[in-house]
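Before I ask anything, let me first share the structure, which is written out below as structure tokens.
Should a chain be cited, it is by its letter among A, B, C, D, E and F, assigned in written order, with residues numbered from 1 in that chain.
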Amino acid sequence: MPYVNIKITREGATVAQKAELIAGVTRLLQEVLGKNPATTVVVIDEVEMDNWGIGGEQVTLRRQRGQ
Amino acid sequence: MPYVNIKITREGATVAQKAELIAGVTRLLQEVLGKNPATTVVVIDEVEMDNWGIGGEQVTLRRQRGQ
Amino acid sequence: MPYVNIKITREGATVAQKAELIAGVTRLLQEVLGKNPATTVVVIDEVEMDNWGIGGEQVTLRRQRGQ
Amino acid sequence: MPYVNIKITREGATVAQKAELIAGVTRLLQEVLGKNPATTVVVIDEVEMDNWGIGGEQVTLRRQRGQ
Amino acid sequence: MPYVNIKITREGATVAQKAELIAGVTRLLQEVLGKNPATTVVVIDEVEMDNWGIGGEQVTLRRQRGQ
Amino acid sequence: MPYVNIKITREGATVAQKAELIAGVTRLLQEVLGKNPATTVVVIDEVEMDNWGIGGEQVTLRRQRGQ
């Protein structure tokens, strides 16, 4: 019954990579806490780099500097 | 003053259906808890089916199987 | 498969009232969008009044003024 | 280490305005609570006006009435 | 830089189990998407069973029936 | 109409500090985007240090090392 929300910057994650995240988190919750995979919900949000800040600045600027 | 966030898969909910959800949830909070509709906020997120997992897999796959 | 998060101030909502919210939102999503109740998840967060702001001030202050 | 999520309606916030929000919130958390800006994360969600409700109706309708 | 929020019912997850969830999700994001573990944030919310609904009813009721 | 959620570790933020956060964020949204303070909602979540991970480990461990 767990609900997991994963937020990442939108930088080209593929359908297959998102499938891996969903499968991996669901398995982790089963292994660690015995949670039923059938009712585990995972939602991935891909956020524009201009809308994500860390260290007080947009990720866009960090990427331009190669970080 | 309540805040409600509704997450659904993006599968063609119409403007009118979203209006019904907003009106319905706002009314429910007024009826059950006496909350003031004027300051009840409802935010609907429509999530791509590749970004929504249940049972360890993407909704896209379930829909392809007719689920 | 919808996921709904309801945030309210912690002011004595009873177990029965929370059950009504859960049942009501689940029914609304079935009626409006045909969503399967079996996989609809509702999470209620009750937030301390000192931790909820509206109009730039804590709800605690508004309640003291009888609002 | 704080995490801040700002949700606004999608009505043309510019890249520069979003940069100001990110810088401003990060500075506020440093000034008020001494939080390290380097690990403060800010995520801005811009929500379609049809998906945002207040007072039981969509923001779209309020904007049409000039509110 | 990812942000992950895990919501589970409050049913006695131990400090060690929560540490495993945090380590496991952080590792998954590094393996699948190459995300830097140093800035990956994981927040676990433990929700009272009366405040969690699935299938239109509180988890408390399901647990009483042995589900 | 904005909605802001601030998540911090539970480490003794006072009522006055939380009031400052609420007032500061509300003012920032007014100054940068012209948002109406009357309908700006701010919710602060204080999260146990065992439930907050960064760098793959709990904040509790970092604090024990003086970080």
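One rule holds in what follows: a contact is a pair of C-beta atoms (placed from the backbone, for glycine too) under 8 Å apart; a residue touches a chain by one contact, two chains touch by 3 or more.
These figures come from a predicted structure and were not determined experimentally.
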{"item": "Path length in steps (a step moves to a chain that is touched) from subunit D to subunit F", "value": "1"}
{"item": "Given subunit A and subunit E, the chains that contact each of them", "value": "C, D"}
{"item": "Distance in touch steps, counted as few as possible, from subunit D out to subunit E", "value": "1"}
{"item": "Chain of greatest Cα-centre distance to subunit F", "value": "B"}
{"item": "Averaged-CA centre spacing for the pair subunit D and subunit B, given as whole angstrom", "value": "20"}
{"item": "Multi-chain contact residues (two or more partners), subunit D", "value": "1, 3, 7, 21, 25, 39, 41, 43, 52, 54"}
{"item": "Touch-based graph of the chains, sorted into line, ring, star, complete or other", "value": "other"}
{"item": "Chain-to-chain touches, reported pairwise for every pair that qualifies", "value": "A-B, A-C, A-D, A-E, B-C, B-D, B-F, C-E, C-F, D-E, D-F, E-F"}
{"item": "Complex contacts: residues of subunit F adjacent to subunit D", "value": "1-9, 13, 17, 20-21, 24-25, 28-29, 32-33, 35, 39, 52, 54, 59"}
{"item": "Complex contacts: residues of subunit F adjacent to subunit E", "value": "7, 47, 50-58, 60"}
{"item": "Of subunit E, residues touching subunit D in the complex", "value": "1, 3, 39, 41, 43"}
{"item": "Complex contacts: residues of subunit E adjacent to subunit F", "value": "15, 18-19, 21-23, 25-27, 37-46"}
